[in-house]
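Before I ask anything, here is the structure I am working with.
A, B, C and D label the chains in the order they appear, each numbered from 1.
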C-alpha cells in the first residue's frame, strides 16, 4: 500500500518531464477542454503535472537531505566535543535561530535572496536544520555516554568507528522516525512559500505552486488543484507508511 | 495445612523449545519455597506463570492454582516504579482497591516493609536501590496478599542491603504470607527457604526441604552448585609486592557532588586488590578514574611510576593496552549490531596489531567456555554469564598490566561464577576487583580497600582487613556476610 | 529552590537572546531590497519624491545611528513609531495581539485534549485498522498546506452549505464565535497530527514498560493505568512539540489570518515587511522572541514535572 | 454598454437606508485616514466618501467639476479663476477659498512628500489668492490648459484649513466619519446635507480583506455586499450565480512591457518594432486576463479623451519580427525581462510573452524580482520590464512618464521634439488643434516608443445582487467606488 502510494507520484515526478511535449499550446484559463483541463494561465494541467513533480520532490528531498547533512554532524559534534565550550558555541546560535519565528526567517531570507529553487532549498534547510541538530545532539549525548562506546575507546578503536560508524548505526532509528515527518514538513513548506509569494516563481511548474495558484479556479476546473494535491498527499502518506514499516521491521530484527 | 499455591506439570514453550518442562510444587501459608538454578533455567518464567503471565511468544500449559491474592516483587525494582509519580499517590491508588481505611492499609504495608512514611512525598529516583526494593515490596503488601513472588531480590545489592532484604522477607513470611523466592543466591536460600526446587534447563532436578537439598544433595548438578559456592574465609597474608599501579589523592565529583575524596592506593604486579563498599560508595567511579573514563578527577594515577594521562584520548596505545576494564553491565558494553567475536577481536587488532586476531580471540573465548557458534552471534543471542566472559576476554586480549573488573560475578550462578574466579586467579597481571560478594573477595584478594561515601576508610592486606576489621562499615559488611552463611534457625 | 534559580538563569539568557534576535532582524531588514520610502512610493517611484519621503522618515540617517536610538528607546520601554503611518508601534502590537491570542488560546485549549485522545486511541489499537486509518489521515493532513484545506472547507461549509461564516471579515471574534470555527479547524489540522503521533509513540512505549506491567499486577484498573500511569510518561516528548506549536500560534499564523481575514500579528508582520516599516518589524521581533523564550521555559518546567528524573540530570 | 452581468437584475429603483459593507484590500501599517497620504484603493475610496476634490475624472478620464463649480483661465493660461460650489464641511462650516488654498499649501509643503505634490507643482501659491469666500485665483508657473487634470489629481482633496489630525476626519464628502479600526474597518454614516444630494445608504463600512478569495467568500457568505477587485476567474465562477453580481469596468488598467531606449539592445528602433510584432495580444488577453479585457495598440488610454483611435491595430507578424531581429543584429541574443508580483498578471504575462518569442531568434528570459521595490528598481535597471498602470488622463501619462525630465520615465523616452509637442498642446486653447497635437505624439509613440502595451484589463467588482447603482467607470475615476450613488435593494 505504502509502496504504491510512493511509486506513482515518484515515477510521475522523475519521468514526467520527459513526456512533456515541446510545443505546448495555451488556451483560456480553467477550460475543461482537454483531459485535465487548463490551469490559471491556460496551460494544459496534465502537462503541468508531468513537468511539476520533479521540483517539488527535488526541493523537498534536497532540503531534507541538506538539513540532515548539516544538522546531524552539527548536533553530533556538539554532543561529542570534549571542551563543552564547543557545544555552547554550536548550540546557542541555533537557539537564536529557533527563537526567530520560521515565518520571519522564510519571508526575510526569501525576500533578500529572491526566488529560485536553490533559495527555496536553502530556506527550507535553514528552517529545518536547527531542529535536526537539536534532536541528534540529544541522541548523540545519550550514545556518547553508552558503555559500548566507552568500551570501543578502551580498545583504541579508530575515530572513524567510534565517531561515525557506531553513532551512525545507532541513530538510524531516530533518523528513520524523523525523516518521514520532516519530508512531509518540507513539502508543506514549499507549498506555503508559494502562498506567501516567496521562494518560487508564481507560475512555476510545481505541484505545490499549482495547488496555490489554481485554487481560485476550484469551482471551474477542480483538477488543476485536486491532482497535484492528491499526488503530494499520496507521496507523504506513502513515505510515512514505508518508514513505519521499515521501523517495525528493524525493531523485530 | 492446605497449600495456597499448587503447580502441576507446568510447561512453557517458545519457538518449539521448552523453557519450563513439567514443573510441579505446592506451598502453604507462612512457608518459603526457593526456585534455584543457573541463569536461564526458567525461574522467572515459572514465577510469571504463577501470576498468570508470560512473555510474548511463550505458550504456557499445566495447572496453576493460587488461593488468595498474589503479590510480585520483580527482578529490577527501579523499573517497576513509575518515574513520573510520587510514591504516595500510587500507594493511595492501590489502597483504594482494597477494603478498609486506605490510610490504615498504607501505613500497615509500609510498616511491614519497613519503609519510613516520609518517603511517600518522593519520586522513585530519589530513593536508594534498597529503598526502591522495599517500596515495591510494600506496594505488594497493601491489602494482605496470600502469596508473594520475589524475583532475584538480592542481586547487585551490597551485603548490608542484602541482609536487610532478607530480614524484611522473613518478617513478611512470619506474618503468614507464602513466599516463592526465585534466586541463584544460595545464602539467601539458606536464610529464608523451607523448601528448594532446583531447576536446570526448565526441568526439576531435585526438590525437597532446604536442609536436605543444600546440605545433602542427591543429584550431581545440585552438588556442583553447592560446592561451587565460595565461603568467606580469612585468607593468610601474602607478601606485598612492588607497586605497579598507584593512586595519589584521587578526588572525583559528578557535577557538584564529590563522590571520591582523596583516595590513595597501590596495587603490586600480580596482586589482586579488592575494592568493597556499600552501593553508591564510589567504587565504579574509582575504577573509571583509573581507566581514563572519568577524566575530570583530581590527584594522580601512576603506572610503574609514570603518571597516566587522565583522559583516554590522551593515552597512547601502549598505555591503553596496559590498563583494561570490564564493565559492571556486560550487555550494555557491547554494540548490539555486531557479532561478539568481531568486537572481542578488535582489541588484538587495535592495541597489539595482531595479524590473526580472530583466531587468537576464538582461542581465548574457547578457554572460557564459549565456542565459535556462540561467539559468532550478536550480543542478544548470549546469556548474561556468557557476555560477561566475552567482555573479560575482550579486555584480556590487550595483555594488560592492570585489569579492573567491576562486579563481574553478580547475577551469575555459582557454577559459572566459580569458573570465572578460577580464570581471574590464574592471571599474571595486577587485578582491581570490585565486588559486593565478600566470599569472592576473600577467595581472590591480596589486599582490600573499603570505600564509604567516597572516603577510603580501610586499606590493607586481605588478612588484616577481613580478619580484624576496624571501621564500622567493614564490620557491618563482613558481619552481614558471615550471618548470611548461617543456616536458618527455626 | 533549584528550579527557580534555573528559571531565573534561563530568563537572563533569554534577554540576551532577544537582543540578538533583534539585531539579526535589523540586519536582515536592512538587507532587504528597497526601504520604506521606496515601498511607500510604489508604482510612482519618482526619485525626487522618494528622496523627500526618505528625508521625512529620517531614513537618511546612518543605519547604526537609527538602530542605536531604537535600542535606547527599547531600554526605556519605548518601541518607537511606525515609519509610514506614524502610529506608535505598541498600538500595532496591541491591535494584532487580540486576534492572535484568541486564536492561539482557543487552538491550544482544543489541541491538547484532542491530540492526546487521538494518540491514546491509536496507541491502544496499535497496528489495527483504527490506528492505520488515523495514521493515514493525520499524515495526509500534515502534508496539506493550510490554505488548501481552508479553500475546501470554506467552499463546502461556508459557501455551499452556508453552515458557517466563510470569513471573519469585520467581525468581533469573541462576540461571534461562529466565525472562529473554520479557522480553528484549519489551524488544528497539522498540530493535531504531529502531537497525536508523538503521544501515540510515547503511549506505546509506556504501555509496554515495566512499571505499567507492575501497576497492572497490583490490580489497578485499566482506565487508571492508561491515564494516570502510562499517559504522563507519554506526554513528556509531546510537551516540547506543544511548545513549538504555541510559539507558532503566537508568532502569527499568516496563512489562516489571510484566508479568513483575522488581522493578527502575522498579517501585521507581512504588511510591515512589505512596507519595510522597520520599527514595526523590530517590535514584532521583540514580541516573538520574548514569547519564544517564555514558552520554552514553561515547556521545560512542565517537562521537569513530567520527567522529574531529568532535574537530577540537568 | 453595461458591464454588469448577473442573473438577478440589481434592484432597479433606488431605495434609501441600510448599511453597506465593502471589502477592500488593505495596507496594514500604511493605512491612514489623511486623504493627502492616501495611496491604496481603499484609502482612495474612503477619501472619496469623506472628502471632495475641486475636480475629478469623468468616464472618459477627463476632468469634471466637483467642488469647483466652474473654472476659467485667462488668455495666457497662467491664471485660473475657480468658482466654488456652495458646499459645507461635516461640522457645518462652509467650504471656502481659504480651505482650498490651505489644502494645496499643505500638499505642496516642501518638507512633506504627498502624492499630489508633483501634479500641483506648477501652482505658484505665493501669487495665488482668494478673491472672495467662494472664488480662488490660481497663478501657474507656465501656461497649462489641462490645469483641471491637476485639480483632479490623486489625493488633491480639500480639507478644512488647518486640519492636521485625521483621527476623526472632517470633510465635505457624502459620508461622515464614525469610527476607524486600522487594518480592520472604517465606519461612516451618511451626510444628509451633501451638496450633490444625500446618499441612499445610511451607513457605509469599509472592511479589509487582503486575499481576493476572502473578499469573494465574504460576499458569497453574505458578510459583505461589495467586494472590490476580483479576478476574472472568480467572476467567471460566479457568473449567473444568485449570490454575486459581477460589475466590470473596462479600460481600467493597461498591461504592458517597457523597453528602455537609452541602452542596448532596445536603443535599436528595429528591435523595438520586432518586439511589437512578436506579441500575440489576443492570446495574452485570453491567457493572462482570462478574456476580461481588450487588446491594446501600444498606446495608453483607450477610450479616454484624445486617444488616437485611428492608428491601425498591430497584430503578430512572426516573419517580419524575425527579419527585423536579424536586421538589428540581435539574433541569438538573450534579453532579461524583469517582472514581479507587484501587480496582478505581470509574471504570467511575462512567461506567456517569453513563450511567444520562442523561435524568433531572440530569447527572452523572465527574471522575477522583489515586489516591494519593483517599481523603483525597474525605473533604473534592466532593459525590459513588465509594466502596468491605472487610469489617468493621457496628458498626465505623458507628463509623468514620457517627457525628458519626467520623474518616472521608465522607457527613457527622451525627445526634444516630443517635449515641444507636449508644451504646445498644453498651451493650445483650441480643442481640435490640441487633439491633433496629441494624435501626433501618439503616432510617434506607436511607431517607435518603448511601451509595448498589449492589453487593457477590466476592473472587476462583485456585489450582492440587491445592490444597485454601481457604475462601471474605469477604476480611479470619479464614478468608481461612488458609494453615495449606491443603494441596497
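Note that in this section a contact is a pair of C-beta atoms (placed from the backbone, for glycine too) under 8 Å apart; a residue touches a chain by one contact, two chains touch by 3 or more.
Because the structure is predicted, anything quoted here is derived from the model rather than measured.
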Steps needed, at minimum, to go from chain B to chain C via contacts: 1
Inter-chain centre distance, chain A versus chain D - centres from mean C-alpha coordinates, in Å: 44
Length of the line joining the C-alpha centres of chain C and chain D, rounded to whole Å: 40
Chain A and chain B: spacing of chain centres that average the CA atoms, whole Å: 49
Whole-Å gap between the CA centroids of chain A and chain C: 21
Contacts with 2+ other chains: residues of chain C: 32-33, 151, 270, 273
Two or more partner chains touched - positions in chain B: none
Contacts with 2+ other chains: residues of chain D: 213, 369-372
Inter-chain touch pairs (all): A-B, A-C, A-D, B-C, C-D
Footprint of chain C on chain D - complex, ascending: 21, 23, 26-32, 39, 111-113, 115, 117-118, 181-185, 205, 207-211, 213-215, 217-218, 220-221, 223-224, 342-343, 369-373, 375-377, 379, 388-389, 400, 407-408
Residues on chain B engaged by chain C in the complex (per definition of touch): 51, 53, 69, 71-72, 74, 76, 79-85, 90, 93-94, 97, 123, 125, 136, 139-140, 142
Sites on chain C touched by chain D in the complex: 32-34, 38-50, 52-53, 55-56, 82, 84-85, 87, 91-92, 95, 151, 154, 158-159, 162, 165-167, 169-171, 258-261, 263, 267-268, 270-277, 280
Touch list for chain C against partner chain B, complex: 209-215, 217-221, 224, 228-229, 232-233, 236, 306-309, 312
Chain B - residues contacting chain A, complex: 291-293, 311-313, 317, 320-321, 324-325, 327, 329, 332-337, 346-347, 350-351, 391, 394-395, 398
